[in-house]
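Listed after this line are the structures, all set down as structure tokens.
Both complexes shown next keep chain A, but they swap its partner, so chain B is in the first and chain C is in the second.
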Partner chain A sequence: MIFIKGQINPTEVGSRRRLFRRKEKQPTMHLLKQIGKHKWDYLFLLPKFSVFLVFIALPVVWAFVLSFQEYQIFDTVWVGLDNFKAVFTGDLFYKALWNTFRYTLVVVPSQVMIALILASLINPLNRKAQTFFRAAYYLPTVTSVVVISMVWRWMYNSRGLLNYILSLVGVDAINWLGSSNWALTSIIMMAILTPPGVGVILYLAAMGSIPESLYEAARIDGAGPITTWWRITLPLLKPTTLYLVVLGTIGSFQVFAQVLLMTDGGPGYATTTLVHLIYKSAFRDFEFGLASAQAIVLFGIVLIFAFIQFKFLNTDVEY
Partner chain B sequence: MNSRKIFATGLRVMAYCILIVWAIIALMPLYWVFTTALQLPDEVLSMPPKLIPTVVKKFIPLYLQGDKDQALHILSESFKSVRVLFTDIGLPKWFFNSVLVSVTATLGILLLDSMAGYVFAKKQFPGRDFLFWIMISTMMIPGQVTLVPMFILVTKLGIKNSLWSVILPPLAMVFGVFLMRQFMKTIPTELIEAARIDGASEFKTYWKIIIPLSKPALATLGILTFMSVWNSFLWPLIVLNKSYLYTLPVGLKTLQDKNLVNYGLLMSGAAISAIPMIIVFLFFQRYFIKGLTLGGLKG
Partner chain C sequence: MKKNVLLMSLLAVFVLVAVVGFFTPAQVIAKDWEGKIVVWDAPRWPDENDDRFHWMKSRIAEFEAAHPGVEIELVEVPWAELGQKLNIAIAGMDWPDLAPVDISGGAIKLKQLEQGVIEPLDDYFTKDELADFFPGALEAYTYKEHLYGIPSSMTVHAMLLNLDIFEERGVEPPVNGKWTWDEFVEKMQKLTFDRDNDGKIDVYGFSTYIMPGYYEAWPFLMMDGARPLSEDGEEYTFDSPEAISALEKFASLKFEYDVSPMEMGGNDVGGCFQAFANPELRTVAVEPWASWAIASVRNNDKYQTNFMVAEYPIGETGQSVTVGGSGGFVVFKQSNKDKKAVVVEFAKFISDTEQQYIFATEYGTFPARKSSQEMGPFADNSHMKRASEMLQYAVSIPKHSNWPQIDERIQAWLQLVLNGEKSAKEALENAGEEAARFLNK
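This part shows the complex of A and B:
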């Protein structure tokens, strides 16, 4: 027994020692081993992650840093919250915020509603008609906003198409983009009359996935098409509506190209929006710190809005 | 029964009317781009506006009547502003830049995102979910936040005023990784294991099995990327300050700055820059739709 014990003992001690040693070196060894084992996975990820780090992660962090700095090429100084103070004390920021709010408040609900109506009207049609209308409504969306803005600027011209149409019904010509009363309205009108191609397509896709059995049940119960639409289709489209409202709000808060190309923020500051203001601060006044602070405030506003919309519109839909 | 039928027919007629009127409103601006582009120089500002350009109305009748000279004269007058764009203004160069930038960025994104999407979808490795989460969480951040740092960055990298400055940043967009991952999750893992048993290397598995099976997703991502790069405006406007480097949207903007009221010229330029996207859309419509629904509702 003793002999056997003696024979076993050294092994036991040895194994315990090995166990001890392994525990000590485990973290780094283990990680290296894991990385070695998965080196191909990391290699596959490396190119994307590198460009992501350089062109997204780094600039995001840098933007926050810049907003607390006064940036000059050779002499950058920390200024604390001065940039943010400057954002909130200037009248221009509130003017831009108000313009952006007005634009968003009118454009987003109108576009979602138009998308819903158009999709509801297209849905019962045959396949060919569906394809045609879907394409017609989506076509302006694939065209560059630069092209769309340029042609609207031309249609809004004093001798343009719209004033001609007004003259046909005996209405005096309107100074669409040149008067501060009309300029923002004109930009809003252009946004509303450019069809919400994305919305139509997403609503149609969502309508296609509603089970036919629900409609059959409604028909058996004697519900007409409008009741069915109101009671079945509309509630089941809520996730799509939420998505479109959130996406539309984020997009509307960033409205820029139209403003730059059609009015350049004018006349006066009648159509200056938040992003136009950021653009002006950064690339006309070269106030990089101020522009970064404005951009971060914009980000905060977008986040708050998205959060509120999720809170109010989000419900789980099951069918 | 009968009144109900009439009611249903009435609804249908009304639906068609609304859809058609709205389609006309939707397509009117695009129609007006092409109409103005084709009008004779002295027709552009005429009152009342010519809804159909003279060349469309008169060319074929004149030609058939044998008045070939007059017909060709009208034709050449109608394309005068297009000629000016091609000879006096560097539009062909802008067009070439736009094609180069969009194609390069699209191919780059397809390669990078399919590789990243593949390992995110099909592999288990430490930190996978964390890395994916980091990338996806930046999707909410508006592009304007990174505008100024990006500008400083490309200046410091020395690629400002080179086409690299508009090719490289789009490669970082994360939407494609998300889209490829969603799609590749549906590829059966057994196929990958079978390839491994047959002794295929990791890269060969990706290239010979994953890529061919992912063609629909690649087509969708490719088209959406091409569109977004082709149409991108703010960033190229900021970093490209030399006329020979402009992409089409930036070129159009400077064209407008210099020729505020020469609408014939402006609309010709707009038409030329709109045509490629319209053709791409008409040919690959279903991929646009697939991309929207894939990226949209699975969020």
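This part shows the complex of A and C:
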């Protein structure tokens, strides 16, 4: 019998199948061996994993199941895709989606850019000054959003700080939170002007790990500070930028507390966002099935955005 | 033979029991049940130690002493969190046995009533007992001809007038708190002024807010005879000529007469109250509030104000109107009927004539019982006495299982009228189109 190179010898098929079976079994065996080898490590991970399983994973799965049900206290009914149909035919979903999209589109790039500029200005400073500014810019991150919202609400008052400043230059007071034209802009302004502490810290850490030799080489080649920042710093920060953009997008699509505290979605529905809508569906209207469907749709939207961002921003950086 | 006698005797006893049971008044008596009852309550008036739960604690202690074997656990919940906590507890089927719930205020949804979360209490009251409650209070806790709670208080919305500002501007307060729309506008114009002569208005005549679940502004919208829904609750009627004319008049306070600040019609409840009651501000002369605010500006050192209570302005109907509500306690679904009887007994114990009288004098609510009212709780409180007189003009918020959604649609459009973006007609018609989705759902 003549065998062409690459063709399978029928007599070998059986032994190859056994080989494949052995190979198929290997990952499981490997995993079990790894667990056995690192049993203490996994044991320490167990509490955190259990908490994740009970308080994150199971509720997510339960929300998915609920999205196909009409939730009632004693008699929950399976309704198939009716809740999803209600999401897309509801009069508020598209308004909320559009508001959320506008918020994300402005806030995420602005916050990332501000974090980058701040980190670039702080990075050349000495260690003490760096520590001070890191702490100063991180402070709003650990401050309750309730407190920040209350302060901004006061600033947006007709007799508040912003209208006072406007009056000094002869501009009429603006109804910041009461006008449909200004309400969402006001919430966006608050988000942008609250220092992005996490972004500053991450950018500073990333800048610190860029080898000095690259800057030396640039200086030898006659590059000025702006060219160096543009040609070396910025490209090498791309992984951090991707991380911040993805995290920022997820966070912005979930904007809620500021909306609830400052405008409660109004005036009209000018500031109603997706999570605010989900909150109202669940805890005001008691429509847990509909709220779960809205949450699943939000999850899908965020997933698509994250995928697009990874596709266009993700590059391997080695130095 | 003996067997037959025994059988006949048993049958006779059975018939006797059935007949006696049939003719006995439909009131269930609490039996000797022992165990734990979980009661939620929210802060009331403080005692000398600033404990705002002292009233419920003393009630519990007294009830436990009279019922050995019954233990009552009190869960203290802030008012602001009560509705949400209850809804979460209901979703998790982990509800308390008893809680203070204003059904008309939406803390419990009518859908939840329909699903059996709240126990009907019809069998626990005799006709005589029910006759002691004001009809409006009973109506607030009645749904589809079943009683779902024990009313313990009534509330009403009233206009609060800062008399110091009236005096400062030389404006006479309305006689006996009654005024027509034109008189009201005229006084508001005089009360709007530039105190420091810097060319800017410092004090406005009137302000209020608009947001779902709050009805301070609604008596203005009803002053010409309009009501949000038809009596059977199946039709939206807030787009009637009476509703449109009333809303136009209300909006004119801000856009035509300039007697209201920019925030009027927004959603800042706290800011609105501060503008009226905070001694450092006092930038609004007249605001409508629910009756709890009377106790606050009368008794709270921080907000004590020289004020009077007035009715809402009289519109085309020739009669003032206001929005009223009722507070009380509801018993949550019970699996043990003996326990249920004890829970109901405790609910009755904390809302009897004497307790409602104490509530009225200490907490600033109106009694839901006629017998408590007859005790004269407001003999030395002219503000509450005046507000209580307004109960006769009070209308209730419609009882519809989708009212929260309908209310939200209406209030959202009202906000757009009060910020000048929509006309009254356009807003009320659009609200009707959106509300229609929920009316027959």
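Some notes on this structure:
The definition used in the following text is that the second predicted complex is superposed on the first by the 266 of 319 C-alpha atoms of A that agree within 3 Å, B and C clash if a C-alpha of one lies under 4 Å from a C-alpha of the other, contacts with A are read in each partner's own complex, and residues count from 1 in each chain.
Note that in this section contacts are C-beta pairs under 8 Å (C-beta built on N, C-alpha and C of every residue); 3 or more make two chains touch, one makes a residue touch a chain.
Every value quoted in this text rests on a predicted model; they were computed, and no experiment measured them.
Because the two structures share chain A, they can be overlaid on it, and in that overlay chain B clashes with chain C. By the touch criterion defined above, A:L234 reaches neither chain B nor chain C. When the two structures are aligned on the shared chain, A:G178 is found in touch with chain C, with no touch to chain B.
Shared-chain residue A:L161: touches chain B; no touch with chain C. In the superposition on chain A, A:F283 makes contact with both chain B and chain C.
In the superposed pair of complexes, A:Q72 makes contact with chain C only, with no contact to chain B. Between chain B and chain C, the partner in contact with more residues of chain A is B. Once the two complexes are overlaid on the shared chain, A:P267 sits against chain C while remaining clear of chain B. In the superposed pair of complexes, A:I308 makes contact with neither chain B nor chain C.
Stretch 74-82 of chain C is the one among 2-10, 56-64 or 74-82 that clashes with chain B after the shared chain A is superposed. In the superposition on the C-alpha atoms of chain A, the part of chain A touched by chain B in one complex and by chain C in the other spans residues 71, 153, 157, 159, 283, 288.
Taken together, the chain A residues at the contact with chain B in this complex read 31, 34-35, 38, 40-42, 44-45, 47-49, 51-52, 54-60, 62-63, 66, 71, 114, 117-118, 121-122, 124-125, 131, 133-140, 142-148, 150-155, 157, 159-161, 164, 193-195, 198, 201-202, 205-206, 225, 239-240, 243, 250, 253-254, 256-257, 260-261, 275, 278-279, 282-283, 288, 291-292, 295-296, 298-299, 302-303, 306. Within the complex, the chain A residues that touch chain C are 71-75, 91, 153, 157-159, 173, 175, 177-180, 263-264, 266-269, 280, 283-286, 288.
Of all residues in chain C, those touching chain A in their complex are 84, 87-88, 90-91, 93, 109, 111-112, 115-117, 211-212, 261-263, 265-268, 271, 283, 404-405, 408, 412-413, 415-416, 419, 421, 434, 437. Against chain A, the residues of chain B that register as touching in their complex are 8, 11, 15, 18-19, 22-23, 25-27, 29-30, 32-33, 36, 45, 47-49, 111-113, 115-116, 118-120, 123, 125-126, 128, 131, 134-135, 138, 140-153, 168-169, 171-172, 174, 177, 202-203, 206, 227, 230-231, 233-234, 238, 248-249, 252-253, 256, 261, 263, 266-267, 270, 273-274, 277-278, 280-282, 285, 288-289, 292-293, 296-297, 299.
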